[in-house]
Amino acid sequence: MHTITLKLVTIVTERILEDRLTRTLDELGAKGYTLTQATGKGSRGVRASEWEGPDTRIETLVSPEVADRLVAHIAERYFEHYAVIVYVQDADVVRGDKYV
Amino acid sequence: MHTITLKLVTIVTERILEDRLTRTLDELGAKGYTLTQATGKGSRGVRASEWEGPDTRIETLVSPEVADRLVAHIAERYFEHYAVIVYVQDADVVRGDKYV
Amino acid sequence: MHTITLKLVTIVTERILEDRLTRTLDELGAKGYTLTQATGKGSRGVRASEWEGPDTRIETLVSPEVADRLVAHIAERYFEHYAVIVYVQDADVVRGDKYV
């Protein structure tokens, strides 16, 4: 089966950022994304003490280049003022050429 | 701790396929699966323009052989007519021998 | 972008264990976690035949040492009496030094 290795970027953050972040994904070259509802808790961001309640989890499969751009953009714009987790993993994507 | 490395296969697709796909997982040798509700958006499938609204996210831990069968089956049967994302990752599974 | 490679530990289990497990995460050194609702099905635990209905999915980003402690603790305390899946993956975490 034809797969290609892409980057799965997962962002867990405050619901209020959902629209801005999905627009950002689009602008930086992601072809799509999946949203799930989540509840986060813990000292995982700058506003750790407030990190409770409904969150959003955004996942996107992108090229390594787009992953780098996303990570840099989110770190620069959001880390100081919002609770946000971002991590990157490899994923072997079926017909992954559609995503790049 | 005893772990074995298995394949985590993630399928994100239209809700309408959930029953068919979970039966397929069973038939092809998966020992179980986890379902989560998701919302997908973007040009990630053949029917990209219609890829909106509630989706289902199916995850299953399987042997590499079962992962290959699943991926081939889903690509052959569903990629042409449905919006479907499939990706495969490694996962170190505690007491993973139960899953193969 | 500054990332460090951590362990993403995913636990899928019965809802009834959610509070106990999140306290355990805290006690064993996890800095936070994300909860999502899930539905599990299949022969993936000791009480395989009862593994149906609402589950909880707990994810936490931790150091390799904390991951080992978590996995050992959960296997020892919960595998015999509850349906529980635990798997560990690598994740490149942005500003991951906050998590260890």
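Note that the chains are named A, B and C in the order they appear, and that numbering of residues resets to 1 at the start of each chain.
By definition in this document, contacts are C-beta pairs under 8 Å (C-beta built on N, C-alpha and C of every residue); 3 or more make two chains touch, one makes a residue touch a chain.
Keep in mind the model is a prediction, meaning the values are calculated, not measured.
Asker: If you fit subunit A onto subunit B using the CA atoms, what's the rotation angle, as a multiple of 5 degrees?
Answerer: Between subunit A and subunit B, the superposition angle is 120 degrees.
Asker: Does the subunit A and subunit C pair touch with the same residues on each side or with different residues, judged by whether over half of the numbers are shared?
Answerer: Shared-number fraction below one half, so different.
Asker: Any idea how many Å lie between the Cα centroids of subunit A and subunit C?
Answerer: About 20 Å separates the centre of subunit A from that of subunit C.
Asker: Among the residues of subunit A, pick out those that touch two or more other chains and give their numbers.
Answerer: 36-37, 89
Asker: Sort out for me which residues of subunit A touch subunit B in the complex.
Answerer: Spelled out, the residues of subunit A in touch with subunit B are 1, 3, 6, 8, 22, 30-37, 61, 89-96, 98-99.
Asker: Which stretch or stretches of subunit A touch subunit C in the complex?
Answerer: 10, 12, 36-45, 48, 51, 55, 57, 68, 71-72, 74-75, 79, 85-89
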